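The following pair of complexes shares a single chain, subunit A, combined with subunit B in the former and subunit C in the latter.
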Partner chain A sequence: MTSRRSCRLKVPDGNDLVEAELVYELSKDDLVQAHLDWAPVRLEALRRLHESHRPWPEHWHWDWSKKAQMLDLLAYRCMGIECEGHFQGLMMVSTLAVKGRLASQLGKPVLYIEFLENAPWNLRSLAGKPQFIGVGIRLLEAAIEFSDNEGFGGRIGLHSLPQSENYYRKYMTDLGLDAKQSQGLRYFEMSTEQVLHFIERR
Partner chain B sequence: MKAIRMSDEVFRKRAMEEDGCMISAIGLEPLFTKSEETSRHAAEPAKEPIRFAFSTLISYRRRALRLTMEDLAEKARIELDELLRIEEDANYIPEPRTVHQLANHLKLPIPQLLVLSGNVTSANAELTEAAVRFAARSRAVEKLNREQSDALNEFVKVLIKQKVETEKK
Partner chain C sequence: MPDQSIRRTMTLNLTDAEMRALESLSIQKDLSKTAVIRQALRLYQLVDRRLSNGEKLFFEDKAKREKAELMVMI
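Let's turn to the complex of A and B:
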């Protein structure tokens, strides 16, 4: 697998797609840079939300520069979507498989997504009009591709923050609250069959 | 699976479905700090890289021989669940029979693998050092690149030349 490949993102108005790049392996420096890019925009957006008494996103405090130290461990890989010189979304996966929990793939290897986040300027709740749309879709597609390359059949799993549950419920199976997860979040899994539905290749 | 990327048309549709959604996902605690078992082992730092070297060695060697997890589990006559746990959980100590089966099918020396897997102890400092070095150089990725293959080959060479005086646990 090369270190990056082209992919396309959607702009909010019209049907146009713009060229972007999926970067397969980010360095610690990349994560620090992403944090430096994202933090001021996020803080400004939070200030506006606070002033207008609107709820904050649940991940408002995330700091990817702190997650960078996880890349010292052998088991983590971070990927990102880069467009117009900035990271538009980031995802960290565990390259050591977890066991599938869905009945149809019980015990089979599943790629686990440790973290996934959109850049603050791509969230309507923070930015009003997003700069790019579909960053999460591209990251899920990358996770599926990685899972397939690992021999995990494209299967992926993750714990969703409550505000994101409806999004993941569209494509993955909600396996309920997970007592093992430190924050008691719901666990979602996408089977090989659901992958085919997600990408519409049957 | 044939093609895992979506067409532009499907992407446009999915992107519209995403518009306005939060997409944040958060994981379990980082490796080595997520289980009580791990906390117990925190007092024994030297064992972590050795156990991690074992997990990674099995994973790398399997991939170097171009075997899927299912292939290896079937050939070695071990449960896929157990193989998955071996590669996933550095704190898991497999049964000696499993280690024997893996050693035979991955063409690795049994005594050394028993040490790395935590089934027996050894005071062989060179083996420990090689395991720590291997763990530090390794990264679990989809295909082994040159550097990772070199790290694997170097570690396997050290394993093979070691004479391990072991003590069963």
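Let's turn to the complex of A and C:
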């Protein structure tokens, strides 16, 4: 049985909220379906960006159907936000704890977010005006819940693409460029204290 | 917790030494004993899959300039 809970997303132009569902464990079929939904929209948006000589999102090449095989392993879990019959955002986490790097939680277990992506129609860089707002926040909440449930104290960490650094800097601590990471990305971590603050202000 | 993944309970029979190792890891890693066992299972499955796919697992000590392949996974 798929485990779900309700959540809400914002719509632009006003304070209207729409009902959505957080799906805690996505199947390989879910990822393939999301890819089939997202790919044509993404391609069309990229074509428009190309024609107008605007930069592409750094993750334009992500293909969730290719990540589906990772779900054969207990070490990976995918979650998603579903609304109006489509996935509005997807996230893959590693269920193998990583060591905390923040001084306040050095060596303590942290849930590592491998990938987090909004549907292409929710990205300002692709769609202009997003269909739904708050998908990233809902997914970060899900990661915190999962981390807590795993006994990791709600602590989460991730490497951010440069275009998303300012977003994560709002909620997490920027621990700088990670020379050991294959792409040399910056590493961000959310401490237990930041988790509490994040939950209070959501 | 809203994540309602079905969980099953089992009894685990460990020797004193194994229980001490589990307790030690539990304290050291700041995880419950159940969480340690779950981490171990996930890691075992991941390593086993990659070894089955023909990849190799090495431990490296840069200071001693030693690199040893892990051969014990069955």
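The definition used in the following text is that the second predicted complex is superposed on the first by the 198 of 202 C-alpha atoms of A that agree within 3 Å, B and C clash if a C-alpha of one lies under 4 Å from a C-alpha of the other, contacts with A are read in each partner's own complex, and residues count from 1 in each chain.
Here is the rule we use: a contact is a pair of C-beta atoms (placed from the backbone, for glycine too) under 8 Å apart; a residue touches a chain by one contact, two chains touch by 3 or more.
Every value quoted in this text rests on a predicted model; they were computed, and no experiment measured them.
**Student:** Do subunit B and subunit C fit side by side on subunit A after the overlay, or clash?
**Tutor:** clash
**Student:** Looking at subunit A, does subunit C or subunit B touch more of its residues?
**Tutor:** Result: the larger residue contact count on subunit A belongs to B.
**Student:** Considering only the touch criterion stated at the top, classify A:73 as touching first (subunit B), second (subunit C), both, or neither.
**Tutor:** Both: A:73 reaches subunit B and subunit C.
**Student:** Touching A:61, do we find subunit B (first), subunit C (second), both, or neither?
**Tutor:** Once the two structures are laid over each other on A, A:61 reaches no partner at all.
**Student:** A:160 in the overlay: touching subunit B, subunit C, both, or neither? Say first, second, both or neither.
**Tutor:** Only subunit B is touched by A:160; subunit C is not.
**Student:** Just subunit B (first), just subunit C (second), both, or neither: which does A:53 touch?
**Tutor:** Neither subunit B nor subunit C is touched by A:53.
**Student:** After lining up the shared chain so the two structures overlap, which partner does A:146 touch, if you call subunit B first and subunit C second: first, second, both or neither?
**Tutor:** After superposition on chain A, A:146 lies in contact with both partners, subunit B and subunit C.
**Student:** First (subunit B), second (subunit C), both or neither: which does A:129 touch?
**Tutor:** Neither partner.
**Student:** With both complexes superposed on chain A, which partner does A:3 reach: first (subunit B), second (subunit C), both or neither?
**Tutor:** Once the two structures are laid over each other on A, A:3 reaches subunit C alone.
**Student:** Can you give me the overlap between the subunit B contact set and the subunit C contact set on subunit A?
**Tutor:** Residues 1, 25, 73-75, 95-97, 107-109, 145-146, 148-151, 153, which sit in both footprints.
**Student:** Which residues of subunit C touch subunit A in the complex?
**Tutor:** 1-6, 29-32, 35, 38-39, 41-43, 45-46, 49
**Student:** Applying the document's contact rule, which stretches of subunit A touch subunit C when the two form their complex?
**Tutor:** Of all residues in subunit A, those touching subunit C are 1, 3, 5, 22, 24-25, 72-75, 95-97, 107-109, 145-146, 148-153.
**Student:** Within the complex, which stretch of subunit B touches subunit A?
**Tutor:** 1-8, 10-12, 14-32, 52, 55-56, 59, 68-69, 80-81, 84-85, 87-88, 135, 138-143
**Student:** Which bits of subunit A are touching subunit B when the two form their complex?
**Tutor:** Residues 1, 8-10, 12, 15, 17, 25, 57-59, 62, 70, 73-77, 89, 92, 94-99, 107-109, 112-118, 123-125, 130, 133-139, 141, 144-146, 148-151, 153-154, 158-161, 163-164, 166-168, 170, 180-183, 185, 192, 195-196, 198-201.
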